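Shown next, in structure tokens, is the structure this report addresses.
Order as written gives the chain letters A, B and C; numbering starts at 1 within each chain.
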């Protein structure tokens, strides 16, 4: 069985600065990976590379056995990205935004209603996004990310701006119980560890730790963010 | 020496010899033109400059295309240096051409000469190449966008010439002939030697610029390795490829 | 095509809701006509002068529309959202140039009568048919090049400056053919005292400029189609 994600010596530079220098790992399908590291460690960069939005500068990246960036077109529809930005148009309503993305992905209108209801936004679905609170925007962004039923979810701090009730609401969509392969970053590493099978800690562009959450202690984690 | 810059020494010597030969022909061999007098000799400079710079723009476009196809940074470097040199050459060409126009036609600028007008438009377009590069921070994106610009600009050069020529023919009856289609033999020889000399000069200067850029990059890499990343000042905003 | 239509619909919805671009373009064009009136101190324009004023006003309005074209995609994550979808990148180019083409067309529905009112070229009514054909073709050139330039400029720091300075030289061939062609249309020759007629004939002198303009459209479309995908990648 092919792994959902395979990295071998992944390098990504920004100008002269090397953000990721030689990451290698393998994530089996159906498992969850937490990516830890302080701000600027390259967590978001890694997520963007996996989402086919950034190309690797060296090394091999394969998603579902297809090499990036050459085969990006083949896996693009199977990936859902929840990034820092909601990727929603402010002037359009939540429903219109989702309908637009549904058209891009070739998904039916009934699925739009389904995800709107799932994130508890069915009633407020016609409000323009600019008038929504940040928590509501985040819920819409979750709806957008899972709209096309992706097999791989890339979640950049998925629970930011969400109150506990909303967190519980989106849990079946993007949580461990969704059953899909997940890569997530979090502003709350301790909480993230509880819901993943694998942990990757990035420091100086390299893997400072790669293994099960049980193998990393809170002291090491605190060291990462120091 | 850089793997991308070869044959620099023979090229430099060849340029020097051809240039000396061309200038000797210009001043001592080519006859003084009867109507325009001595000033006409600038013709042997500005027309080759113009032709070579236009070819330089098109070359920049072809290199840009190569960058888009291969993604290799050296093509971006070539494209940048070609356009940079072409811009310098064409500024020289248009200034020299203007002096010649004053001597030959009595005006610094004539709108009825399509070659001149379309040349101006091309210069206006390529003047924006550096500002465009300068205002894109991410070096990779800078290279890609500059390459797209170079391809569009390179293709625009011939097309623009056709349209402007058509329009001038339509609006003004043709009075002047810049190309001098039937030059007497001695003038033609001088012209072609000068054309070759300017073309060689273009190639040489372009290679020197590439070498300088690559050496700078190498020095920076060495400094970073020796002193560590933190101790080397980050490179300032730049229009040039790294 | 399905995707291009989805993007176009999205753009038109946003434009209808915010009325950011087209009204600004229209007001700008009419204001330019008025400015030209004061600059030139003429009560009516004809021939090449009329065509020139009209063409330049349209080009400036096109620049205005071009500047806004990709701003929402850039600032609200539209590029990323689009790139995440398994669709052909060319759809974005098609949709954006179609949007700009429509904006220009709507603008001209206002600008053409306004020009007749303020510049009052003799024989304007008779030349209207030819003018419309020219307008459609020049809109195409403005839209194609505008989309290309806008996609380049939107990722630069000084996008409001970079866009126009790259765009204007590239638009000059289209401007030349449009201005000379419509100049022929708006030219008048006096038949009797005080009686004027627009130029008509089997070999219409404007015809060849229509051809030049159409060829420029085709050429720029092919060029933009070839390079546009690269502008969406990071």
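List of remarks:
Following the convention adopted for this analysis, contacts are C-beta pairs under 8 Å (C-beta built on N, C-alpha and C of every residue); 3 or more make two chains touch, one makes a residue touch a chain.
Remember, predicted model here, so these are calculated numbers, not experimental data.
Contact topology of the protein chains: fully connected, every pair of chains touching.
Nearest to the common centre of all protein CA atoms is the CA centroid of chain C.
One inter-chain figure worth recording: subunit A and subunit B are separated by 48 Å, centre to centre, where each centre is the mean of the chain's CA atoms. Inter-chain centre distance (subunit A to subunit C, centres taken as mean C-alpha positions): 41 Å.
Subunit C has its Cα centroid 32 Å from the Cα centroid of subunit B.
In subunit C, 233-234 are the positions where the chain touches two or more neighbouring chains simultaneously. Counting only residues that touch two or more partner chains, subunit B has 138.
Residues 14-17 of subunit A are the ones touching subunit B in the complex. Subunit C contributes residues 2-3, 6-7, 9-10, 13-14, 17-18, 72, 76-78, 80-87, 233-234 to its touches with subunit A in the complex. Against subunit B, the residues of subunit C that register as touching in their complex are 148, 152, 155-159, 161-162, 165-166, 168-170, 172-173, 176-177, 180, 212, 216, 219, 223-224, 226-227, 230-231, 233-234. On the side of subunit B, the complex with subunit A involves touching residues 138-139, 220, 224, 229, 234-235, 242. In the complex of the two chains, the subunit A residues touching subunit C come out as 51-55, 73, 76-77, 79, 81, 83, 85-92, 96, 100-101, 103-106, 144.
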